[in-house]
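Each of the next two complexes has chain A plus one more chain, namely chain B in the first and chain C in the second.
And then the complex of A and B:
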């Protein structure tokens, strides 16, 4: 099961990276988000899986697809200059970063110990547990997050409205 | 090689498996931001990187006995991602109105 969802996630992300058509790339992103939701179910966390599907695939990707269709920019525009040096440097940078980090994760004894000590599947996460933690320990952060969402909403309206 | 004995654990879904998936997801998102020129594609790359952080966070929470503190941080990350989506897409629309393009290379100067 883990391999299936990991492959859906990574192949969806890779398809997004290599796809020329922006709408098809958006649909690949939806596949990747579904794969991530499957991983969350395997992590005994159905709450996060549901939120992942509702917020990312349901809200954010729909918003992105709306904007793509509204601007009618389905294809990537022709490059003004191809910038081969910058492209190769960034490919090398990303590959080195990924390779080094994966090697570090595989070699770490601390992670190995944690994987063994926590191997037993814990109780599934429930909304009740999340709510108690959120409102007992992080009430201020919750309010600030609400304020941030309000500010972003007002900012988005102010940016897109032609004459207020 | 010292990492080779961890490979079966990765394939069966141990902690390292989730972390490797998160790292590769982050690398693909970073590559999308660096290599693609369409702003909307770069935006999707940023979303992928945020998701990679979520996968790593919740994997650590599960292997620490189902810690519910991680869910709180997950909610905050989702809230920030939603704000970023709203403001970022508004900026892309604003750029398209002024320049008639969604290519980040063509938006290299602040003047009209």
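And then the complex of A and C:
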């Protein structure tokens, strides 16, 4: 199961990168999101999987595709000149990020707990637990994020509608 | 079940799972097919016509025109499969499936009957057993995927009418999803759980304790949003026959069109099942405390068919909305209404009833 979902995610991401047509690339990205949702289910977190599909594929990608369809050009533009320096800098940055991410995962306490035999298997996540964590442990962060989104929304409305 | 399973060289669990999947999907698909005919007969009834009553099996057995479904199927199979020259071929092939699969999948989590115990194991009458952790989030997630069928169909046929239909309907679907989700959230709150089995149990068997009585405001919002989600009249902005030819499925013909149409009706079935589960007690039989399994399934099917009929009924009774009216209704009426509903129930719960 893990291999299937990992392959869906990776192939979706690869297809998105290699595809020249922007809309097809967007659909590949949807496939990658589905793979990630499947991985969440395997990690005993069906709530995250459902939210992933509702928020990312159901809302954000639809809006992105919507905007792309509004624009007339559906093909990627050719670069005017190749930029070797920028290319190598970006490759180095991505490599550093990937290295850091792998190191973080390998150093996490969860991984050590997995190695111990007879350790308690984690319980599946439920919506109730997510709610309690959000409103009890991370209340400040949650409210700040909400406020930030509200500010962004008001800003977008104010920018597009000059005379209300 | 054990005997059948050993005959087929599988475990009872797998045999039961396969049986459930076949029953649910075959049932929903055949109901959807029957409703393509019910829609035409119903519209005829409402408009004082007769409707399709001529098709007959072997030219003799007429059964009030029910054979029309078979005749339509055969006709669709033998039509020429046209693909527009400028279409994106791959996506054009994919689009009917993207429309059809989410419409069917949404049904998987809905319990269509009472769970029963046989030989020491409990059998649940829903494809995904209760306690799967997804609960009612699953149909919401899958419902969000339905947009892609319309969007991909619209874009891949490379036709201006199609793209107009696709854009309008995707915008409408995304806007109405918010109001719908808030209405569902207030049900989660009062039921104390988000699993359909818990929601049904919390409603009880008396009709006056069902959510329709407890949350009439939420019901109005959810019901309206379901019409926008299924792209049915009065909100059929994907098709809009009177203004943009046939909208997103202008270029689709033969079996592809047939799949699109079936997807719409399967969506209608899933929507009616959701309405029945969330607001009308699911499989609970009114006034019967402990119904038998068959009775509970029958009661669920009756509710399902009734709401599917309401979809048909409203389509042929209420005139279409204009696009700006639809958006105004979604954002300025439905969203505030469902927020009022949510805050009211939160306040009532905080007062401890």
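Structure notes:
Just so it is clear, the second predicted complex is superposed on the first by the 119 of 164 C-alpha atoms of A that agree within 3 Å, B and C clash if a C-alpha of one lies under 4 Å from a C-alpha of the other, contacts with A are read in each partner's own complex, and residues count from 1 in each chain.
Convention: a contact is a pair of C-beta atoms (placed from the backbone, for glycine too) under 8 Å apart; a residue touches a chain by one contact, two chains touch by 3 or more.
Note that the coordinates shown come from a computational prediction; the quantities given were computed from them, not determined experimentally.
Legend: residue contacts after superposition of the two complexes on their common chain; A:125 is shown touching both chain B and chain C. By the touch criterion defined above, A:85 lies against neither chain B nor chain C after alignment on the C-alpha atoms of chain A.
In the superposition on chain A, A:47 contacts both chain B and chain C. Once the two complexes are overlaid on the shared chain, A:22 sits against chain B while remaining clear of chain C.
Of the two partner chains, chain C is the only one touched by A:30; chain B is not.
Of the two partner chains placed around the shared chain by superposition, chain B is the only one that A:133 touches, whereas chain C remains out of contact. Looking at the superposed arrangement, the partner reaching more residues of chain A, out of chain B and chain C, is B. Contact with both chain B and chain C is seen for A:63 once the two complexes are overlaid on the shared chain.
In the three-chain superposition model, chain A touches both chain B and chain C at residues 44-45, 47, 51, 59, 63, 70, 124-125.
For chain A in complex with chain C, the residues that touch the partner chain are 21, 23-24, 27, 30, 44-47, 49-51, 53-54, 57-59, 62-63, 65-66, 69-70, 124-128.
Residues of chain C touching chain A in their complex: 88, 90-91, 132-135, 137-138, 140-145, 147-148, 151-152, 154-155, 163, 166-167, 170-171, 173-174, 177, 181, 188, 193-194. Against chain A, the residues of chain B that register as touching in their complex are 2-3, 6, 9-21, 23-32, 34-38, 40-41, 43-45, 47-48, 51, 54-55, 58-66, 68-69, 71-72, 74-76, 78-87, 89-94, 96, 101-103, 105-106. Considering their complex, residues 1-3, 6, 9-10, 13-14, 16-17, 22, 25-26, 29, 32-33, 36, 39-40, 42-45, 47-48, 51-52, 55-56, 59-60, 63-64, 67-68, 70-71, 73, 76-77, 79-81, 87, 90-91, 93-95, 97-98, 101-103, 105-107, 111-112, 114-115, 117-119, 122-125, 129-130, 132-134, 137-138, 141, 145, 148-149, 151-153, 155-157, 159-160 of chain A touch chain B.
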